[in-house]
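See the structures that follow.
Each of the next two complexes has chain A plus one other chain: chain B in the first, chain C in the second.
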Partner chain A sequence: MKTAKLIIIGFGVIGKGFVRVLIMKHNEILKNHDIDLKVVAICEIDGSLVNEKGIDLESALKLAEKEELKKHNDWRSIKGLEVIEEIDADIVLELTPGNIKSGEPGLSHIICALKNGRHVVTSNKAPLALRFSQLHKLAEKRGVKLRYEASVGGAIPIINLYRNNMQINKIHSIYGILNGTSNFILTKMFEEDLALDIALKEAQEIGIAEKDPSYDINGIDTGVKLVILANSLMDKKISFRDVKITGIKEVTPESVELAKNHGFVIKLIGDVNKLEVSPRLVPLDHPLNVSGTLNAIMLDTDIAGSIILVGHGAGKIETASSLFSDVLDILRS
Partner chain B sequence: MKTAKLIIIGFGVIGKGFVRVLIMKHNEILKNHDIDLKVVAICEIDGSLVNEKGIDLESALKLAEKEELKKHNDWRSIKGLEVIEEIDADIVLELTPGNIKSGEPGLSHIICALKNGRHVVTSNKAPLALRFSQLHKLAEKRGVKLRYEASVGGAIPIINLYRNNMQINKIHSIYGILNGTSNFILTKMFEEDLALDIALKEAQEIGIAEKDPSYDINGIDTGVKLVILANSLMDKKISFRDVKITGIKEVTPESVELAKNHGFVIKLIGDVNKLEVSPRLVPLDHPLNVSGTLNAIMLDTDIAGSIILVGHGAGKIETASSLFSDVLDILRS
Partner chain C sequence: MILQLKDVPGMLIRVLEPISSYGGNIISVTHSRGEKDSVSVHISFQIRDQSSLNLIKKALQKQKMHISEIRVEGKKYYTKKSLSFILVGHVIDTDIQDTIDRINTLGMVSDIDVVMPSPEQKSSVMMNVDIDERVNSDFVELVEKICREKKFLLIRSLD
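Coming up: the complex of A and B.
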């Protein structure tokens, strides 16, 4: 049996989802993979839980739900960077929300973890979109792994699908629907002939769109994910500023109707080859025509031809599937 | 650098496709994976090419295309079983077409290879559908691997997707379109209001359906693949005779039309939970509604939710992608 010590940075929706799934699956992972996964630290913005023998996760979750994490026996006032440097661990899970302009606070956490010889698994798009090559070079130099399956398609294991199972293929292009919120809105517009602002309001009411949905609507979120796909799967060496982005704001009910009458649907597509995010016509019977909050990513390859992967691009529990995919892959090798 | 010796049994469409891709990708595999893949034998029904230093694959392909394989310098009169026993190799690729009643000749090849301590990679459905547990027990006993990604979805890496990247998930159910020929026919019927026999004739004319298309039309091929999915991904321990199979013969233009008017399309669905193959209604906007010869497989899981993988379910070159996925995965561990 191998024991693997984890540090979790960020105990929001994604962090709690990961811990919830770990509680569910801990014994199964022990049985099937012979690995005892132990969380030795959970870091929040104002302090951390630290216990080198392993934190009691049930109590951590319960207190976090009541916003009383500080009452936990393992609470200490040290923060993420200090924890990464001082607490022995195999993998740091960087699960904070990232600021797309600075990449912080995730960027500093990831750099610190790699410098300290820890593997990193992250769901945080911003640091990767801003400093992809730099972070990879650092990981290579320190002989550790940097993995980020959860940053692109949520529960869709597109990066590992290619790396582990389609490794023989050269990718000609990658297209996809990478943002669930905008896809939900476009689906509503298509199915119920709604105007964008009405569809958006509905999305906000049922908790699919955030109060400030501008990153989703303006295509920024799709653009960031496109950068990660371009760099990780096609070695494009690009940065966020290289991507031409048009969001869905200008999509009108009339254009949706016109497209429909000609057998098309309008989707917000990220196109890696053209380094472009824009609303595009997709034939109704095309596999990329997925509805609601679903994401869909198409790889055009030289050997397997086109492969499309469809699934949930977000979700607190769903995303944990991708985080564990990375964690177990690191521990396997 | 690691050298891996391969024996290829069956030099038909799939075998030639594998060799063609190996010629294309040999140096890349050497560079990226540090593995020198060497084919030491290619076995046909009446004899084999054998060369322990590695067969010249270009000349083998050229002669095979002219049906003059016997003129190759490495041609010898020994056959598959003898080659497996006598020639040193790491992996046996069993790529013969399988008889669904007996599983032969693949079954004997696979048993012989496993008994002789060789890993096996196969595209051959029949032996797996008939003797899944027995073959796996034998592989385990001999400490070797038995892999069969190419047997189910052609180029779609559904088995390895789950095993390598969604390993944390429990699968609740698997549904899918697993046969390209019947999907092509149903698509034609839907799009062009054709009767089944007309659509079938067209499929035969353009080389999509075989002269005797009964395995495809009657749902047998889908049933066999369903058995492999049930056993490999859900540990169902079933055999082909446990599956209730209804093909597409009774699907009429009227039923297709009626479905269409209500927003549905008729697809031949393999349903692992119900152990059933049958024509079913699929909503037009459902990700399983894929057209032409495409296959689509949906995994319903406890953590990631539903994941759908769409791609080419067959093809001489496409299928090689899955064969290499298995070969490289075996050599990685």
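Coming up: the complex of A and C.
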């Protein structure tokens, strides 16, 4: 049996989701993969839980739900960067929110982890969209892995599918619906003839859209994910600045209706070949016409032809599927 | 049809075969030696319709034959492509005739559908345009330029 020590940085929606799933699946992972996963540190903004024998995850979750993590027996005032340097671990899970201008705080966490010879698994898009090749070079130099399946398409295993199962394919094009919030809004506009601001309000009321939804509506979130796909699947060597972005803000109910009358639906599409994010007309019977918060990605390749993946682009439990895929992949290799 | 072929044995047969198998009636074949190892071959044939011509074209392209020109009844022949897009903005008030005329310099507007909620509000205009597939990227660039100038949102179809 192999024991693997994990450090979790960022104990929000995704961090807690990962821990919830680890509690659910710990024994199964032990039985099927002969790997004992132990969380040795959980870092928040103002301090961390640290226990080299493994943190009691149930109590950590319970206290975090009540925002009383500080009451946990393992609480210390030590922060993320120090933990990465000082606590022995195999993998650092970087799960903090990413600022698209600076990539921080995730960028510093990832660099520090790689420099200290730790593998990194992240759901944080911004550091990757800004410094993709630099981070990869660093990982290579230090002989560790940097994996980020959860950063694009949530639970959809697009990157690992290509890496593990489609190696000989050359990709001609990738089109993606990569943002659940904007897809939910466009679906509402299409199905209920609503104006964009009313559909957005509804999305906010049921917790799908954030209070400040500008990254989703303006296409920035889709653009960031497009950069990761372009670099990891098509080796384009681009940065966020290279992407031309038009969001959905100016999509009117009349344009949605007009599209419908002519057999189309309007979707916010990330077009990896053209390095462009924009609203596009998608035929009603096209496989990319997925509704609600679903994401969809279509690859056109030379050998396999077209491959279409549809699934949950976000969600605390769903996204954990991709995080575990990276964690287990690293530990098995 | 004019093709540039590699000067190796059996090449001509490989070109003639798909032409006749899709119903082409070959009238004449002439060839002239080009640069290096290539031969320029002119083939005249009769064919019953456009779709048979397209099948021949596809078959030759699949075999990586380089077709430099096709003429039908003396005029250059090209494969048509139909594009749909929606313009959102003050499309009518910004001289829609000018928009159409400029689009027609590279294509042919075949259908227009307009929804105008009220004169002050933005209108939405759906256009279908037939273009020569070889000018596709120039055409997209032209439409994007018009949209920037006239402040329209462009919603293009997937390719």
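Following the convention adopted for this analysis, the second predicted complex is superposed on the first by the 333 of 333 C-alpha atoms of A that agree within 3 Å, B and C clash if a C-alpha of one lies under 4 Å from a C-alpha of the other, contacts with A are read in each partner's own complex, and residues count from 1 in each chain.
By our rule, a residue touches a chain if its C-beta (ideal position, glycine included) is under 8 Å from a C-beta of that chain, and two chains touch if they have at least 3 such contacts.
In this text, all values refer to a predicted model and were calculated from it rather than measured experimentally.
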Please indicate which partner A:Gln167 is in contact with in the superposed arrangement: first for chain B, second for chain C, both, or neither. first
When the two structures are overlaid on chain A, which partner does A:Tyr175 contact: first (chain B), second (chain C), both, or neither? second
Task: Could you look at A:Val251 and tell me whether it touches chain B, chain C, both or neither (first, second, both, neither)?
output: second
> If you stack the two complexes on chain A, which partner ends up touching A:Ser278: first (chain B), second (chain C), both, or neither?
Replying inline: second
Between chain B and chain C, more residues of chain A are touched by B
Touch check for A:Ile307: first (chain B), second (chain C), both, or neither? first
Partner chain(s) touched by A:Ala259 [first = chain B, second = chain C, both, neither]:
second
Under the stated touch criterion, which partner chain does A:Ser321 make contact with: chain B (first), chain C (second), both, or neither? first
In chain A, both chain B and chain C touch residues none
Interface with chain A, chain C side, in the complex: residues 84-86, 88, 113, 115-117, 122-126, 153-159
Listed in rising order, chain A residues that touch chain C in their complex are 173, 175, 246, 250-252, 254-255, 257-259, 261-262, 264, 266, 269, 278-283, 286, 288
As the complex stands, chain B meets chain A at residues 21, 25, 29, 32-33, 149, 155-157, 160-161, 164-169, 284-285, 287, 289-291, 294, 296, 301, 303-312, 315, 317-318, 320-322, 324-325, 328-329, 332-333
